[in-house]
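Structures for review follow.
The same chain A turns up in both complexes below, where it pairs with chain B and then with chain C.
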Partner chain A sequence: MSRRLRLAVFGLGAVLTGALLVIAFTGLPEFGTSHHPYGDRAVHTAVDEQKTSNAVSSVNFDQRAIDTMGEEFILFTAVIGTLVLLRELRREVEEGEVETELRRSPRGLSSTAYLTYAMLGVTTLTGLYVVAHGHLSPGGGFQGGVVLGTAIHLLYVGGGYRAIRKARPLHLYEIFDALGAGGFVVLGLAGAIVGGDLLANVLPLGALGDILSAGQVELLNALVGLEVASAVIVILARFLEQYAEVRIQGTAR
Partner chain B sequence: MRMLLFCCAGWLLLIGCYGIVVSRNLIHTVICLVVCQSSTYLILLGIGYRSGGTAPVFSDTSPSTVVDPVVQALCLTDVVVSATVIALFLALALQAHKQHGTVDPDELTSLRG
Partner chain C sequence: MTAVIAVATVLTALAGTAVVFTHHPKRQALTLSMLGLMLTLVFVALQAPDVALSELGINALVVPMVILLVAEKIRARR
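Our next item is the complex of A and B:
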C-alpha cells in the first residue's frame, strides 16, 4: 500500500472515529460530577471497614486484589516474553566482556561515579519507603518497585557495564521475580482457606493510619514491590546485554 | 468546556494513530502507541474527577471530598500494561533490526525464517 493511499485510509478512519468518539463523549457523566457511586462505596469500605488510609491501595490490594493478581502476571509474562525475544540467536556470539566495555562505554568522571554511589543509597531507601507505606500514602509496590529497580542502574551510570554486572546476580532476580508472583497466589489461597474467598483480607486490620494496619494490603504491596523491582532489573539487563555484549558475527560496528 | 478533557483524549488517540501510520522508525512507532495509550489515562481520570476533590488518601488528613479511587486503581493497571507493552515491542524492534538491518517498517516486507 502506497503511503498516500495509507494516509487517505487513515484520514477517513480518523474522521469517522473522531465523530463516534465525540458522540460517545456526550453520553459520559459530566466532568467533575459529584455522583460517584462506586467511588463512594470504595472509599467507605477502605476507610471505615478495612482501615486502609490509601483508598486506591485498598481497591488494588484488598477490594479488587484479584485484578492486581492478573496485572502482576501480565508483568511476569512480559519478563518471560522479553527473555525469549532477546535470547541469543544462532548467529550471535558473546564477546569478551572487558574488551566490549572498553569499546562501548568508557568510564565516566570519578565525581559522577561518587555522586551516583551516594545516590544509590538514597534512592534505594526512597524505594523501600514508598513500598512500605503503600497502604498509608500515595505509592505502593508497583511505584516503589520501579524506584528500586532503577536505583541499581545508577551503578551503570557511575561505573559502567562492568560495575552493574558485578552487582547484579541475574539468576537471583529471576528467582525473586517468581517469588513475588508466586507469593501473591499463595497469600490469596491462604485467604481462601481461612476466609472462604480468594484473597480475602483475613489479617488483623489495626487502626486507621497505623503502619501496621490494613491487613494484607501491605504484605501484598511488598510482594508486588519485590516482583516489579526484579522484573525491571531482568528486563533492563536483557536490553543492556544486547547493547554491550552481543554482536552479530562478521558485522563489527 | 466540560467536553474539553474528553476531546483532548480523543485527539491524543488519533494523533498517536497518525504517528503510527506515517512512522518511518519502529521505535517511533512504539512511542506513538504510548501516546495512544495516554488517552486512556485522561479518560479514566476525567471520569473519576469530582469538582474540588483531592486525593483519596486519609493518612494524616480527612478530606471531605475526594476523587474516585476506582479509576485511579484502573490507571495503575493501565500504566503497568503500557510498560510491559513497550518492553516487548522494543525487544521486537531490536530483533527486527538484527534480522533485517533496518527499523523502517516500510522496508520490512520480506518474510525470512
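Our next item is the complex of A and C:
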C-alpha cells in the first residue's frame, strides 16, 4: 500500500469516526446535572436489593459480573502472552551461568533496606484491606490486587534481585493466577446451576454494611484480587528477569 | 467543585502533552506516571474513587515500571 493510499484510508476513517463521535456526544445528557437514570437504578439495586454499600462493586461483581469475567480473561490472556513472548531462549540459558556469578547487585543503604521492609508490611496490609472491603468501600479485588502485586517489588528496592527472587516462587503465582481466573468461572457456573443465570448472586446477602454481606460480591473480589496480584507479579517478574540478565551480559563482556 | 474539575482536567491535558513531547522512553515512563497521577485527581474530583484507585495503580505505577524495564532492556541490547 502506497503512502498516499494509506493516508487516504486513514483520513476517511478519521473523518467518519470524528463525525460519529460528534453525533454521539451531542446526544449525551449534559455534564454535571442531577439526572442519572442508570445511576439511580444501579444504586437502588445495589443498596436496597443486593445489600452492597459500594454500588460500583455491585455493578462490577453482581449486576454486570459477566463483563468483569471478560475483563479478567483479558488480563489472563495478557499474562499468557507475556510468558510466551518472554520465555527463556537457549542462548539466554547458556548465559545464565555468568548471570548467577554476577547477580550480586550493589546494595543500597541499610536504612533504605529497613524502610522498604517496613513499608512492605504496611503496603501488603493495605492491599489486603482494599481487597477485603471491596463490597463496602472504594476499591476491591482489582485495586487491592495491584497494590499487593506491586508491594512485593519493594523487596527489589531494598534487597536487590536476589531478595525478590527468593520471595516469589514464580510457578506458584502462575498457579494462583489460573486459580483466580478459573474460580470466577466456577462461581459463575454454580450461580447458573442454583440460580438459573450465569453469575446469579445466590449467596446469602446479609445486612447492608456488614463485613459479611453482598453475597458473591466479596468472594469474586477475593478471586480477582488473587488473579490480579499474581498477574502483576508474573508479568513484572518476566520483565525484571530479562532486565537483570541483560545487565549481567553487559558486565560480562 | 467545577473549578477543581476544570483545574484537574487542564493539568491532565498538560501532562498528556508532556508525554507526547517526551522522546526518550525512560523519561516518558516518568511523564506517563505524572499523567496517571493527574488523571487520578480528575477521577477523585468527579467522585469516582474506585476508578481513581485503578488509575493510580495501573497508569501511575505498573505501566511506567514495565516501560522502564523494557527501555533498559533495549538499551542494554544495543
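Please note the rule applied: the second predicted complex is superposed on the first by the 201 of 253 C-alpha atoms of A that agree within 3 Å, B and C clash if a C-alpha of one lies under 4 Å from a C-alpha of the other, contacts with A are read in each partner's own complex, and residues count from 1 in each chain.
The definition used in the following text is that contacts are C-beta pairs under 8 Å (C-beta built on N, C-alpha and C of every residue); 3 or more make two chains touch, one makes a residue touch a chain.
Computed from a predicted model, the values in this text were never measured in an experiment.
Judged by the touch definition given at the top, the superposed model places A:Phe239 against both chain B and chain C. With both structures placed on the common chain, the touch criterion links A:Ala42 to chain B but leaves chain C unconnected. In the superposition on chain A, contact of A:Gly121 is made with neither chain B nor chain C. When the two structures are aligned on the shared chain, A:Asp67 is found in touch with chain B, with no touch to chain C.
Contacts of A:Pro169 after superposition on the shared chain: neither chain B nor chain C is touched. Contacts of A:Gly182 after superposition: neither chain B nor chain C is touched.
Look at A:Val147: by the touch rule set out above, it reaches chain C but stays clear of chain B.
If you count the residues of chain A touched by chain B and by chain C, you find the higher number for B. By the touch criterion defined above, A:Thr26 reaches chain B but does not reach chain C. In the superposition on chain A, contact of A:Ala14 is made with chain B only, not with chain C. Residues 32, 54, 56, 138, 142, 235, 239, 242 of chain A contact both chain B in one complex and chain C in the other. Those residues of chain A whose C-beta lies close enough to touch chain C in the complex are 32, 54, 56-57, 130, 138-140, 142-143, 146-147, 149-150, 153, 232, 235-236, 239-240, 242-243, 246-247, 249-250.
Residues of chain B that touch chain A in their complex: 2-3, 5-7, 10, 13-14, 17-18, 21-22, 46-51, 55-60, 65-73, 76-77, 79-81, 83-85, 87-88, 90-92, 94-95, 98, 106.
Partner chain B is touched in their complex by these residues of chain A: 3, 6-7, 10, 13-14, 17-18, 21-22, 25-26, 28-34, 36, 38-39, 42-43, 46-47, 53-56, 58-60, 64, 67-68, 71, 74-75, 77-78, 81-82, 85-86, 89, 136-138, 142, 208-209, 235, 238-239, 242, 248.
For chain C in complex with chain A, the residues that touch the partner chain are 2, 48-50, 52-54, 57-58, 61-62, 65-66, 69-70, 72-73, 76-77.
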